[in-house]
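The same chain A turns up in both complexes below, where it pairs with chain B and then with chain C.
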Partner chain A sequence: MDEVQVKVKPEMVTVYIMGQAYQVPAGLTILKALEYAGFRLVRGVGCRGGFCGACATVYRLPGDYRLYADLACQTTVKDGMYLAILPFTPAERRPYDIRKVKPTGETLLALYPELARCVACNTCTKSCPQRLEVMDAVQAALRGDVAKVAELTFDCLSCGLCTMRCPAEIPHYHVWQLARRLYGAYLAPKAEHLHRRVREIEEGKFKEELDRLTSLTEEELRELYKAREIEPE
Partner chain B sequence: MSVYPDYMQESIRRVEETRPDRLGKNFPRLSLAEREELLRRYHPDYKPEGKRPLRVGASFGELVPHEVADLLEAYPLVDPGKTDLSQVDYDVDVLVIGGGGAGTVAAIWAHYAGIPTDRILIVTKLRHGDSNSIMAQGGIQAATKPHDSPAIHFLDAIGGGHFTNDPKLVRALVEDAPFIIKWHEELGVMYDKEEDGTMITIHGGGTSKKRMHSCKDYTGLEIMRVLRDEARNLGIPVLEFHPAVELLTDEFGQVAGAIVWNLETEEYKIVRAKATILATGGWGRLHIQGFPTTNHYGATADGLVLAYRVGAKLRDLDSVQYHPTGAAFPEQIVGLLITEKVRGLGAQPVNALGELFVHPLEPRDVESAAYIRECLPPEKDGRGLGVVTPTGMVGIWLDTPMVDMIHGKGTFQRALSSIYRMYIRFGIDPTKEPILVYPTLHYQNGGVVIDEHGWTGIPGLFAAGEVEGGVHGKNRLMGNSLLDYNVFGRRAGQAAAEWAKKARVGQLSLRHVERFVEELKRAGIPETRRAPLLLPDYRGKKTLARVVDLL
Partner chain C sequence: MPAELRPAESHTSPVTRHASRVLYFPGCALKDQAQEYERATLAALGKLGYKVEELPRWNCCGTVYSLAQDDLMRHVGPVRNLIRVQEAGEEKLLTLCAMCYNTLRRSAEFVKDPESLRRINAFMDDEEDYRGGVRVLHLVQFLAEEIGEEALSQAVVQPLEGLRLGAYYGCTLLRPKEIGVDDPDRPEIMERILQALGAEPVLFPERMECCGAYLTVTRPDVVRERVGEILLSAAKAGAQALLTACPLCKFNLEERRPLGTPKIPVYYVGEALAWALGVQEIPEELAKSQAGVIR
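Showing the complex of A and B:
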């Protein structure tokens, strides 16, 4: 499985991984470029598919003053790019008891008073690989609009890039996690049918039927399976 | 400007031409006999050359993929004769190996069952939460609606598994399911709901009722991060970058902890535990039969290796789940998951000529087999109607623009934001152009044998999540893996807590490893391979597309 079959000779580009130059094929992601260059990654790698936020990366391009921030597994290398994958984001998380907190802006501010230090510079938004409106979420938190914070930050991967760049030193992704749980536990409407079903199960409504199903032969199960009524799409 | 080369755009035009006729229609579902015929001829599991019988251990003689046999028949990383077990670094009641969904749920419920948090330890290979659990997109099944029931969920799961599942485990799965969703709601998981609180549920492949609950297409991420946050609130200790490399046993034949390896300082640590829960996940990164995978970096089947050496039985490892829709283009994202929810929302699979050739929501193995049949050339019994990419991948079209045409503009971006974002990054707008897909290695259907409490039959050893087998038989349905890790993580956590309250641990030993090595030698297996694998190696040219021997 490990042999290589390169059908077309790839065009090569130069990337500077923590200052060292490596020639890698164009079209690779930054993550794969590191591996191609010989790195066996332990930090800075996780799901490899844009979900876990382990591969937060900062880079610059030649002749461009900006510091870019993105995920190594979701970004294609560019010629002359110089980059570093961040191994870790130091950011303090404040514990709380979800059963005891109130779903209000005061809760957010009590646990994360540094929210109030926001200077509205928008650096967080510019550094978000998910292109979220991060600063709008900070402002919503300051207004006490927990539902808005939850909505704006739902796609956050906790990669930590905004937190590393924030001049107000806000640990954004911990605040967002708190806000989303407050929303889910208190502000979102409850699913009545779910609660009814759990009660029915506790009362043993389905016990007999399940007892019977677990004792059937394969042939009997096949017949029941074939006879299922399929809910229209 | 499209990033698809001209010849692919030519095929896309055919897809667009047939689209108006396909809207509102669907390919008929196959009968059980037709399904079985399709699987036999086209599913990779049915290639006999892909597997071999195990030559050692409790499941001697059972067929498993070569890549798995290579690890199960490998020699240990630690030398049992030369390892000092006298210095115990961590002494706990419950050790949880694996910090994904199953492990986190198990630790939380071990605590709820009365184990103080400082007597629990999670050890994990990467960071807490880095796992396949966090990558799940589509949803979680539970019969929560009035017209549905746990019994119907039971039938769907057991039929999807070709009636090979352990009925006791399926029962536990479906009977606990609504409770799990309710627990999540209380913890603050943001499930997709109507304005009155009704859960929005859709079909998944092989479901007869719409019971797929989701959190946009970040369902796995949302559930995992809430569980992790709760474990942090409770103060459950976690050792990150510390994979287990061997279980420990004592003179009573119980599992009594593990040796863990600090990947950064490269030191061993000894963990003594009264109960041990394996929650190590699956095997995607073994790239069985050369397939690309949707799995996270650490999915290297370590738990199977550890469990096998203490004498645990394995089951259904001859069946590999290939998710029908892995990305096949562009090269940067080959193998990554395109959630079944895309088909659940109406996108149809069509061939190079724009023809619909299978119902979009057959069980995953059947759906995959149909895509493979479409792509194989006629001389290999296929139809030769796939689209070959410039780098030699092949695939069929998933007609994604249909989602917004059916459900209204903006639906795709809202309900499938992770997929939308991924394609936009690489220059394809899936609401305007179809995307190319091909089956990708997704899930370990089988695993360590357990009972309905997650007990492996080995005293002191429990298992939960993808590492265990029997829940899904030889084919898992979409939405039953997130459910599995919650149901069996909880059950294993509770059972391990009860065990730990009574257990007494004797002298720590690696005697079981010595015995296993003797068995390997007697079977004449050369000492060329070591396991667990811990991490795959993609350095150098292995980075580029490996030979994917698909055609």
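Showing the complex of A and C:
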């Protein structure tokens, strides 16, 4: 049978990258569209998996006043989208010694007094690609609930989009990092079982077994591995 | 099983709202520096049979009401709280902190202007429109006007007899007069409450004078002078303790005393309520003077 070569022409959309129009295949992520259009990204890209927060991007759609914010590696292009990536948001991280600060609202406010400038406009929440309740976290910080701040911002990628848009000029992601560190250092329940296990190891509980394993030949090890107990599903 | 998950019984009336449900706005200070005010008041209102619920997802009221007519941004925070009340299907919002009361109430008044409301609603495209009509109430109004002195005095189990208490109003409960909880020049709403609780209210001329408020940060000297006068005036009138509804007033009255001023303790009005309703003990420094009362 003759081979029939079918060439499917991809559907193309027009995107405006920093003002310049490009035809790119529909279905690409913004990140891939940038590369398709010929940009070689040295900043504004990292994990490509929605984890690192390096690819913060703002865009608008035709006929819509809203300024959208998203991750370039997680968002597919739309026809008529005009966009710019914001690889970095300048914001100052205030110095502190985590062993010397208390897990209170006063600590947050002393290091980041601009928190008190929040006008509850909710712009930060609207610009968060992780769909976090960013304003609620600022509010929790203002009322001294460090644990709540840590909980609400657990999934923050430090992309900086909220920080870029906040009219109160709050450096959110640094505050979140501080709150999570305070939570980890002082408020999270201590993992007693872990300390117990470390103690057991130090006291040599597993030494004999380990010594036996390290003295085996490769052949013996293979046999042992095959005969291992497997937990039922 | 929580009540709301239980299948409705056929004989129950179709009432969706608990008659004594009250939505309340705590504000940041009551969650941080003024926790004793919240604790005492909520315990007392519970004793009075109210189901007090914290406003869901409230945000800071903004603390200081903006005087700029075109500074709409400052109203966004307060109005967002009013929308939360609307979402909860209520029309009344109880406040405890005098500053929160002032800011929220004034914003509620401000957005009665349709043009301002339209612009604020347009800005908040992430929320439902505020339709107006939420009543912001302060605790003292709730006690004196919603509950009433008679019902209040009937609920008293531990009358504050023999306690000479001075109500310090400060500014934010009284001014501007459009939103004042009482006549700004001759307020007596707190005195009426104290009387209902069995105490002896002490009127002193400086009870509605400003304590200096935020000048405590930049000009503590000014605040010290004001606080000195207020305490002196209260002492002359014979007050054993002062009651306030404002965490900042309390801070100033306690921490900005000039040397040699009368050592009058300061409590929150909600605490006096809790003593009288028997949900909290009268503090020892006051109980001592009460012991000598001839009944």
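The definition used in the following text is that the second predicted complex is superposed on the first by the 214 of 233 C-alpha atoms of A that agree within 3 Å, B and C clash if a C-alpha of one lies under 4 Å from a C-alpha of the other, contacts with A are read in each partner's own complex, and residues count from 1 in each chain.
Going forward, contacts are C-beta pairs under 8 Å (C-beta built on N, C-alpha and C of every residue); 3 or more make two chains touch, one makes a residue touch a chain.
Predicted model only: the values in this text are computed from it and were never measured.
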In the superposition, chain B vs chain C on chain A residues touched: B
Doubly contacted chain A residues - partners chain C and chain B: none
Residue ranges of chain A touching chain B (in the complex, touch as defined): 1-8, 10, 25, 27-29, 32-33, 35-36, 38-43, 45-52, 54, 74-76, 93, 95-98, 130-131, 150, 154-155, 157-158, 177, 180-186, 188-198, 201, 206, 209-210, 213-214, 218, 221-222, 224-226, 228-231, 233
Contact set on chain B toward chain A in their complex: 26, 29, 32, 67, 126-127, 129-132, 134-135, 143-147, 149-152, 154-156, 158-159, 163, 167-168, 170-171, 174-175, 178-179, 181-182, 185-191, 193, 195-199, 203, 208-210, 215-216, 218, 220-222, 225-226, 229-230, 232-233, 235, 241, 263-264, 287, 289-290, 294, 296-297, 331-332, 336-337, 346, 390-392, 417-418, 421-422, 425-426, 535, 537-547
Touching residues (chain side chain A, partner chain C) in the complex: 66, 105, 118-122, 125-126, 135-136, 139, 142-145, 167
Touching residues on chain C, where the partner in the complex is chain A: 28, 31-32, 57-60, 62, 73-74, 76-77, 80, 123-127
